[in-house]
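After this come two complexes, each holding chain A, first together with chain B and then together with chain C.
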Partner chain A sequence: MAVLDARRTPQPTAAERIPARYWVAGALLLLMPGIANDFFLYQVFGWAFILGTIALSLQFLAGYGGMVSLLQMSVAALAGYVVAILGTSGTASISLGWPWWVVVPIALVVACIFATVVGALAVRTEGIYTIMITLAIAAAFFYFTRQNYTIFNGYSGFPGVLPPTVFGIDWRRPVPFYYLTLGVAVVCYLVVVYVARAPFGLALQGVRDNPRRMAALGFNVFWHRVLAHSFAAVIAGLGGILLVWQNGQVAPGTAGLPAVFDILVVAIVGGLRHPVGPFIGALIYVLLRAFAPDVLQAFGMSGERFKTVVGLGFLAVVWWSPDGVLGLWDRWRALRAEGRDRLTGRVRR
Partner chain B sequence: MLGRFFERHPFWSVVIALIAALLLWAIFAPWSAGVEEVLGRKRIFLNALFSGITLGALYFLVASGFTLIFGLMRNVNLAHGSLYLIGGYLGFEVSEATGWWLIAFPVVFVVVAAIGIVLQWAVFRRMEGEELRQTLVTIGLSIVLADIMLWIWGGQSYTVLTPDWLAGPAELPFITGVDRQGEYTYLRFPLVRIAILVAAIVLGIAMWLTLNRTRIGMIIRAGVDDREMLAASGVRIQVVFVGVFAFGAGLAGIAGIVGGTFQSLSPGEDIRFLLASLVVVIVGGMGSIPGAALGAVIIGLAEQLGSVYAPTYSVVLTFLIMALVLAFRPQGLFGRSR
Partner chain C sequence: MTLASTNGPRLATASAGNALELRGVTKTFGALAALSDVTLSVRPGERRAVLGSNGAGKTTLFNCITGDFLPSSGTIRLFGEDVTRFPAHERIRRGLRRTYQISLLFGGLSVLDNVYLACRGVSRARFSLIRPFRSDPLMARALELTEAVHLTASRDTRVAALSYGQQRQLEIALALAGAPRLILFDEPAAGLSPAERADLVAILTGLPAHIGFILIEHDMDVALRVAERVTMMHNGRIFKEGLPAEIEQDEEVQALYLGGPGGHGHG
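Right after this comes the complex of A and B.
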């Protein structure tokens, strides 16, 4: 039916094919600095875009590759560490002070190589084993950065890692930083959407659904999975660099296990089915994190218990809607569509 | 079995025998000055070795429950570390309140096993076979439990007091060196650690015997191999599941007391022991008790010897062992290939 309709009506232009809600969201995000104050721009939206970007790399691996990897936060932190080590930081004895346009690409390459090597180990296992092994590796990364003083400066890490001043703009100020994180998030989102429809992404989804059949068709299952890790590492690395710039520091705790689990929580709560999910999850998480202490105190409880609230919220989402907020949205649409005739799509009166 | 191994792998048998002989020599013979120059003091080596083995015993207590639960039910319980920490805190409270170290063990075992029963009955039974969901739910549970424990017991660290009859060192018949009078000095090692080591070995043997020589063990082994057929042959498999889960959880709780006695209890220990049991089980092979024992000793030794001879890289050593096992034997040393 839809095919016939499409043939009769003239083809819509590229701009018309984008649904209205994308235009609304885009305009809102672009105009946000006019509405929101600095706290919202920097602490809420900036952080949500960064967390969303890192979680997006997990969404790509888990949603399209079927590999739930807990390594993404470690990869992000590694990129942040490289920026701190090669660039400028408060730990002048280790940092080399190279310019940002050298440091950032190197950081991404290092993160990519790390993820490729570790990914090659992780893809030897499947399903739940992947989770366990990536969890173990992530924890090893955390302990290693905490114990190593020659490169990673141990417990204290690197304070004073700031974004550079480019084109005469100080990118640490709230409005420029907002646009920086927004830009990176949007580019990563579009790249993931594109790759998911490109031959590589389609093959990856095939590998997710039936590795044996894909192998029989001549696809190299192993390398598709490993390269998915490499690709996701670039996205996670970008997020990690932004995270370090936003916090102004990187330390072992950046990739501690709570942070590792946070990324998983963000991606799952948002939904793994579509790249927009991690960003929704990140926004929910950041808002909860920012305001749960106040709400808890309003109810007479200690504000420190927000982790329990976040954990319980996560449990509730996983319990009732395993595919996150996106799953709820789909179910709501399906519920609304019940009012329509399944065959013709017309609204029943 | 040993003879057949020699026939099949003559080269590796010789290598293993050589390593074993070298180890025995290093443990029993007094080291000459030249050897001590290269390897350091013998007392330090022996201490690290024994600490590693006792740490391995602790890891075995935690990981054997984890591997049993995973092997039988394919349940991934990432809240296992939380059970360990709950057990430790409860054991601390009980032994403080009653003044009896030993009574803490049955109390904690029962309480934590009850928590395990609730977990299995309320959570895992509802999502059988959905591994990802189980993982996520248990991660959520461990986050909540960790925060609640932080709420109740705060951020400081606790140590369960060793009872008098186990306090102090014991002299072991291992020569550490020669003193000025020309007499041998012997290794002194905390008595409580020896007791724990012996208890872990006894427990391990008892578990192995139960699994391999009794009817219950037969049912559990059958369940590991083929759950559906076992259920079809009339065994009430859910009851078996609950029992095994309760036992594994109780073991983790007891391990909490043990860990609280010769180390300390603080927030973050739950994650540490979850990680340890993950690595132990990955190295040893999922669902295998002998595998858990071997993996635990390997990881315990790697941590202790690593922290003495290469302090910065002891974690990397652990990780390297795991990576090597994964690269050459993905199913683990004692695991069956899937």
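Right after this comes the complex of A and C.
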């Protein structure tokens, strides 16, 4: 465990511990606005970072806690709704017009409370039953928002929910919004990586592997799982707020069942083993969503069938690599290592 | 090196009475009574062996004491407090520990990580989102316990790569984390080589005097060497209690478990 290794010497510096590929990816992402056009910055990378952030909350629960929750999109949407209801939107009859710096923390707290309450119900079950109970609550949330006009404005939802102008920057413009989503995604990623090796994260992995043993070590397994839902809700909530700002609206469809399943697909395609997985999955998903209609039309098919392509892509990944793209990457590295001389590291001929 | 710990928020609440007191504990699974009207008292610091053939109810007894099973009837008091309906983690926080017949460890983590987790489990900061600093006293404690069970050389080894005997030793380290006052050892010598058994006996006899334990063990040599008193179980009931020498000489016990006078090995 890296955190415990701190006692050993000599230690590489923090910069040395970061693999070269991370430096390359970081530089590429930072310089992306100089390479990519607005469509890619806003619709591809912006959306991928947002979906990846929401899926990251699922990765934390499923990868480290062994709890596959289908609630993360509902939690994200709830945070988005709170931003629309308490902040500014096109539905002036409901929205209160509070400033963003008041609204955003409240949205995260509300999302957190919601996830904690639902988590307390969900963690009483395991496996397929957790999936079913969170799916049921996600469906209930969707129908509630669609039928409630007093708070959620029913079917119409809230149009005109825009990101604020801060420091004189309009954060909805493609380049600022790209950096905003990138910043949130990176911070959430680093927080999850850090917490995974902190006592809370380590214990969560212990709870995943052997809850009975963890109870016998003095851990309250029930509350550990519930608090994992609370923690994941903050990440999902941040993603939800960004999603609403990107779309400029929040409506029941934001938390509809297709969106709920999309988050699961994104997380599984990327891989649940490491926090980078959801972002890889999100990028693949967004690229398929963005370009599948064009490909289909090129073959004389309706662009409306892009979901079929997404579904086939999902099937292909889980068929060849049940642990997602990260699993493929691991196997490729293992194969490459097998082809090398163990002593010299040179490729055998 | 000392096994005394400063990490035990509830240690001060120890009562002057028995460490463990079971009154009429019964556990049934459908029509099967795994435990029937078990009454048992263990003094603080006492070392007790619980012997009996397979199916006698020894592990069920442990599971009831630790809270893995709720008894069908009867009461369990731990250091004077009625814990009959307490969940497992609440009993652990009151100084109870246990090891398992089949090692339940975290194979993907190192030896030190496992012990560190155990130290965290009985600390107040078990939900901490902050990684420990170098000066973390729990880390020092984890190193101390690793040394106590003779695993210092393997402290950075992944648990999955340890030998079976080393895993049993690690189980004991986990049980010693925090401020244990009563430890339940479930067949700690099972599967160990003679040398490892000698090591185990040294660890058990070297425990501080204030730490009592109850030992389930089929190896009579180990059990009778480390125990001050012996409780014999049969068909879910306690049928004999006494000093090791008394139990060893008891004709009824010999007939049932030792294969006749002078016999060794369990039935």
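In this text, the second predicted complex is superposed on the first by the 328 of 349 C-alpha atoms of A that agree within 3 Å, B and C clash if a C-alpha of one lies under 4 Å from a C-alpha of the other, contacts with A are read in each partner's own complex, and residues count from 1 in each chain.
Following the convention adopted for this analysis, a residue touches a chain if its C-beta (ideal position, glycine included) is under 8 Å from a C-beta of that chain, and two chains touch if they have at least 3 such contacts.
Values in this document were obtained by computation on a predicted structure and should not be read as measured data.
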| item | value |
| --- | --- |
| Touched partner set for A:61, first chain B, second chain C, both or neither | neither |
| Touched partner set for A:147, first chain B, second chain C, both or neither | first |
| Partner chain in contact with A:268 - chain B first, chain C second, else both or neither | first |
| Chain B versus chain C as contact partner of A:132, first or second or both or neither | first |
| Partner chain(s) touched by A:314 [first = chain B, second = chain C, both, neither] | first |
| First (chain B), second (chain C), both or neither touched by A:286 | neither |
| Chain A - residues contacting chain C, complex | 1, 3-8, 194-195, 197-200, 202-203, 205-206, 209-210, 212-221, 223-224, 227, 231 |
| Residue numbers on chain C that touch chain A, as the complex places them | 66-68, 87-89, 92-93, 97-98, 100, 104-110, 112-113, 116-118, 120-122, 125-134, 139, 156, 174, 177-178 |
| Residue numbers on chain A that touch chain B, as the complex places them | 68, 121, 124-125, 127-129, 131-133, 135-137, 139-140, 143-144, 147-150, 257-258, 261, 264-265, 268, 302, 304-305, 307-308, 310-312, 314-315, 318-319, 322 |
| Residues of chain B defined as touching chain A within the complex | 74, 76, 78, 130-133, 135-137, 139-141, 143-144, 146-148, 151, 271, 275, 278-279, 281-282, 286, 311-316, 318-319, 322-323, 326-327, 330 |
